[in-house]
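Data first, discussion second: the structure below is written as structure tokens.
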Amino acid sequence: MNMIELLTELAVMPLIAFTIGLFMVLMMRKIAAKIQRRVGPPLLQPLYDIVKLYAKKTQNSHGLVHDIGIIMAVGGYIAAETMLPVPGMNGIAAKSGLLALAYVIMIPSLGLALGVGQCANPNGSIGIARALTAMLAYDVPFVIIIFGASWFYGSNNLIDIVAHQQAGGIATWGAAKMPVLAIAALFSMYAMLGKQPFEIYVAPAEIATGPMVEMGGKYLGGLFVMQCFQLFTASAIYVTMFLGGGENWPFFLVKLFAIIAIPMSMAFVFPRYRTEDVLAVVWRWPVLLGLAGVWLVMH
Amino acid sequence: MKLSPTSNLSASLEFLLQEISGLRSQWKSPRRLRVDLQAETLPALIELLKGRAGFVHLSAISCVDWPAQNEFELVYHLWSYEVKVLVMAHIRIPRDPGIYLSIYDLYRPAAFFERDIHEMFGLFFEGSPDMGKFILTEWDGPPPMRKEFDGEAWVMNQFDWQDYQPGWLKDIEAKGGGITTRPEDVRRDKPKPWDEQS
Amino acid sequence: MTSLDLLLILSGLTTLAGFAFGNHRAYPWLAGIVLTAQIVILASMPLPMAAGFGFEMFGHPVGWQMDGFGRFFALITLGAALASVAYTGGEWGERYAAGGKNLRWLHGALAGNVLAMLLLLASGDLIAFFIGWELTSWAGFLLMAQGGERALRAAMRYVPYAMAGAMAVLGGLVLSLTWTGTLDLSQLVMLVPGLANWKLALLLALFGTGFAIKMGLLPVHLWQTPAYAEAPGAATAFLGAISSRMGLFGFGLLLVKLITLTRLADLSFIDGLFSARDLIEWVAALTIVLPTFTALKQNDARYLLAWHGIGQSGYMLLGLVIGDATGSAGGLLHVFNHATYQAALVLSVFAVMHRTGTADLNSMGGLVTRMPLTFLVMLLGIIGLAGLPPMNGFVSKWLIYRSLMIEGRPLLFLMTVLGTLGTILSVYKLIHNTFLGQLRAEHEQIREAPWSMLVPMLALVALAFVTGVAPGLALNYVNEAQAALGLPVMAHTLGGVESPRGSLDMLWIVGVLFAGFGIGALLFYGAGGRSKRIHQLDNYAGGHFLSADVRYQYSDHFYAGLMHRIGPLYRGSFTQMEAALASANDLLASLMQAWYRQAVPALTLLIATVLGLAWMIWR
Amino acid sequence: MSTLKNIPVVSHEKPSGGTGNLLANVFDELMAFCRSRSLFMLHYCTGCGAIELPPAMTSRFDMERLGIQPMVTPRQADILLVTGYVSTKTLKRIILTYEQMNSPKYVIGICSCTVNGGMYWQSYATAKKLNDYLPVDMYIAGCMPRPEAVIHGLRELMENIKKGESDNWRDYYRRYDHYLGNQQRLFGENWQTPTDIIGEARHYDLMGPETLGPHTALLEQHQTPLKPFEMTLGLADLPVRKDEPR
């Protein structure tokens, strides 16, 4: 793994993540349309949206921290992508384990929180307060699952985890070995995506899309790019931990899209939980399942 | 033809109304009674109806502008859940001082009705909690619902109009579409309907 | 005259100089130079270094000796003192003196604290340790009491705690003397583990209470928040950074060196199910979570940070007590990391107070355009406090998480992560209501904090960032401390930990992070068009025309949703417990007083005769 | 009274031929294509015509297949649909919302009331010609046009955008004085929105000959200035002079 090869990987992995993320956003909007008996957007619609937003001629900024917030939102995920092993490319997964990845994923949302803070818009501040409460909610089960997984695989290194799972085909998959943890992980990943039932911080009718209230043009474009990365990262982590990671690209892609399709197909039929109910639901079922899974794994 | 009241409750209402002097009542339908009285005796009537006949619901106060007789006509719509009769009390106020007393102490909602009438007709109600601007916050012209205010003339000098390009109209008409009366004929210098009457 | 003597003499001289001419303009430069000299001496001192002087007490030699563990703490103390002196010496000190307060006492107390702590950290035997312990308590009291009327009340509340702690330590000292016959630490290390279980439990209870009070562990933590928050400016930074870590130094000595973790695990209450070690671990874990979520509700920036100081000490004790290489390294490294960003955060809050005159989060907002450097300091400080890359707080917390994972302690792991998430929520509220959001009309003209305050803050935060990117620098000293304590030493590289089961290389992580930010900036400034700065009133408010007199930035009930769920849990049970304790003392005292004052002489005579008769019959 | 067609629209985007510009040309074509294919419609019901928009968005007519999504705040939106009668109170909010939108932005006047007053032409409380106060790109007449008409209008607008003809938003900057004059005529002299249009015109060099005029001068007098807070390092310079105000 000489330096040039590593540098190319660091450049290519975010690009791949972005394109997969684009098609995931497309799939999400198509599923939503099909559920509502609509035709749904054309194939390249997410790309058109992002290009149009970046092609805006006038944009409003509330200050330097507002700009840095968007830069951190996009840059944080670009860094997180390089830590996620994909078939053929491991990036710097060896140097940072599952736990560090969980923390690097928090940086984009905190960068965004700072950026929205400076917009001096009450909708934004309320949205951020709710988003951080939701993060507090879904990170507790997520961390329990990380504990269970790294205890079961005996290592925090994602490459080892993938190798461990691919040793014996589907039988040694994380989901096969730790079914309870896999379900809890699915639940907490669902909450992490911030889609319908857990969408209190982007409540369009209530607080005018919360944090995104003052984001226009390239600011909103940056958040659309971040959404693509977020979808890819959430499903890639789940696949790496429980579905045996990526042996080869087609198989990996099928798993990625299958996992992300589950929450999406359930999302658009739900109304929206209040903030304290998000805490109640996510701290009850996924945490109990997670602790039960961890107990099973450890004994 | 005097429509006779059906239930004995309405009969007792009839007896009750005799206490107010100079009051003419007329049944418009079994449950709708029109009452015409002097402006000074209106509070007494309301107290009477509210106290003795359960008229607890003031549904609206409406105002009619009679420029010819130089008077405002105020109509108080009162409703009783026991007697199940709607009383419409009509009084006449002279236009020029345009002042009458408020019945806010009897019915809380009257504040809004009076404020609305003040804004639209310029009729001032003494004792009403707030006679400020109500709906027309952007309007500082004369009270717009008075008959002598010519809305159309004001519109004519305040706004200007989109001129229709005959070009695109021609090809629509060529395809058989288009409008029957031309917009110019509808608008300018046409006699107002209410002028002929008085 | 060994270098340890030189160290102690120098700090003694600075204390005298502080009391003598602390308000002179040259004093801060002098004190700064001396402190830097002390740091250099200490860093270059070959260990273990015995002090030249010593004396005899009741036939036991009392001497001072600096080892790796003491040096680690001493370096942090000197560093925190240097930052505090530099901060107090500048424009802040001038306004403090102009406000009628005594600057000489402040500088003297600060230097006195350093002297007391050095004596404590270099103690060779239990008597020296007790002398150092008492001096530190009293110097701490002196520093806390100078902040004005509320500070004095908080300091007076600290006195009974401190005295109770001192008596407990003295009791422990006497017991260990009677049981082992010696007070010298090197011999105690051999003899104490051999004692019986109940003796060890009693020693643990006595010493443990004293150290817990100083460190602010859960049941006895109530005194620390008002005392540390109300202290004047840089004194709070010094206290918050290092003063309560002396309790951890004591715990390190007691738990790891004297009683040793294995014997600690044998002291079990419920026959092997719940040992003393589990108890300490759970007290530490609760100390992480409960103060952090109390900090979440605070509306004064100083109190919020003081509560976080208590919360973070839970991490250190938990790391220490887990005892494996990564855990103890994480705990000890967290002492250093916390000192750097806590001091920086407190100094930035006082810089904001210097300009706006208030620390109340409800009456501030939008100061980022007026005090950008102070914002940068607070931003990096809260990233460190929350334990996120690229700051050093992340490395030490990662080590603690990693050790909890290896040791297989899911519930403790859950508590630590809950603490981190709570910290993220409360620090965002801090920076949002101070620097972001709506700028008030009266704050539109204020200026950035003066350089004399900015330089120490930026230096602290730069240190935190550098040790975050290259934790190896700080881990060398941590390894020294581990070796001195007899704990397994953790192998580390410059970037972090290298191990097959999960390694951390901060150089790469931070490098990739900043590369990502670079690409994000490129995408943002390159691909996007030009953007224009707009006024804060040019904002979307549902078609409403905003005006400057409308205030919509408040810190009360900032996390309304969260508080709906966990609000009822805030019952103030510890305050009630403290009040109950206090009233029990009052009752006892009044009874004693009545008996002593012979309020009812006949009654005492009667009781005496009855007892005498009973004794006669019984015998 | 200017007709729609003869408003002098000076557009920069049509440079003459040549290889260097070929690439620029292709780039602009791509931008125009993406702009036409992805329109964010502002979820702001100004009048009665807005009831026709939900059916146009939901399963029967589904605007999303044209790439049109409803967005909640003006910052995120491209099209402002002014539906139904425009009362003077609502017109203030419409102008505020229009100025808060990021350009290139488009205004579609749905219902006849925005064209020439519609059935409220006599009313003292409604603005008659939306075009006086905002540059309007497309009118969809009808006293509430059916969803098919709305979608037809939107398709028409998408075609114009693709061809690059829909640049009326520049007109608001170029002839701001004309629009401000009409607004002041209706709302009085001290009418002011928090958005600094003249500052924006200078910043994005969209100034035209008629941007400044008598009305903008009137605005300068009555305006309470809203200068954005620049991040200042107002540091006390070293060493601190005694006479400096603390």
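First chain written, first letter: the chains are A, B, C and D, and each begins at residue 1.
Keep in mind that, in the parts below, a contact is a pair of C-beta atoms (placed from the backbone, for glycine too) under 8 Å apart; a residue touches a chain by one contact, two chains touch by 3 or more.
Please read these numbers as outputs of a predicted model, since none were measured by experiment.
**Student:** Is the number of contacting C-beta pairs greater for C-D or for B-D?
**Tutor:** If we tally the contacting C-beta pairs, C-D comes out ahead.
**Student:** Taking every chain's C-alpha mean, which one sits closest to the mean of all protein C-alpha atoms?
**Tutor:** It is chain A that sits nearest the middle.
**Student:** Averaged over CA atoms, how far is the centre of chain A from the centre of chain B? Could you give it in whole Å?
**Tutor:** About 62 Å, centre to centre.
**Student:** Where the centres are mean C-alpha positions, what is the separation of chain C from chain D, in Å?
**Tutor:** 56
**Student:** What whole-number Å value describes the gap between the mean CA coordinates of chain B and chain D?
**Tutor:** Spacing between the chain centres: roughly 40 Å.
**Student:** As a quick test, compute the distance in whole Å between the mean CA positions of chain A and chain D.
**Tutor:** Using C-alpha averages as centres, the distance is 35 Å.
**Student:** Show the residues in chain B shared as contacts by 2 or more other chains, in ascending order.
**Tutor:** none
**Student:** Using the touch definition from the top, which residues of chain D touch two or more other chains?
**Tutor:** 73, 75, 92, 100, 200, 204, 229, 231
**Student:** Two or more other chains in contact with one residue: find those residues in chain C.
**Tutor:** Counting only residues that touch two or more other chains, chain C contributes 366, 368-369, 439, 530, 532-534, 536, 538-540.
**Student:** Applying that definition of touch, give me each pair of chains that meets it.
**Tutor:** Touch list across chains, by label: A-C, A-D, B-D, C-D.
**Student:** In the complex of these two chains, what residues of chain D are touching chain B?
**Tutor:** It comes out as residues 1, 3, 5, 88-89, 92, 115-117, 121-125, 127-129, 131-132, 185-187.
**Student:** Could you list, by residue number, the parts of chain C that touch chain A in their complex?
**Tutor:** 365-366, 368-369, 375, 379, 383, 386-389, 394, 398, 401-402, 405, 408, 410, 413-414, 417-418, 421-422, 424-425, 428-429, 431-432, 435-439, 495, 500-505, 508-509, 512-513, 515-521, 523-524, 527-534, 536, 538-542, 552-553, 558-562, 564-566
**Student:** Please output the residues of chain D touching chain A within their complex, sorted ascending.
**Tutor:** Where chain D meets chain A, its residues are 30-31, 34-35, 37-38, 43, 58-59, 62, 64-65, 67, 69, 71-73, 75-76, 78, 100-104, 200, 204, 229, 231.
**Student:** List the residues on chain D that touch chain C in their complex, please.
**Tutor:** Those in contact with chain C are residues 44, 73-75, 92-93, 96-97, 100, 193-196, 199-200, 203-204, 226-236, 238, 240, 246.
**Student:** Would you tell me which residues of chain B are touching chain D in their complex?
**Tutor:** Spelled out, the residues of chain B in touch with chain D are 136-139, 141, 144, 151-152, 154-155, 158-163, 165, 183, 187.
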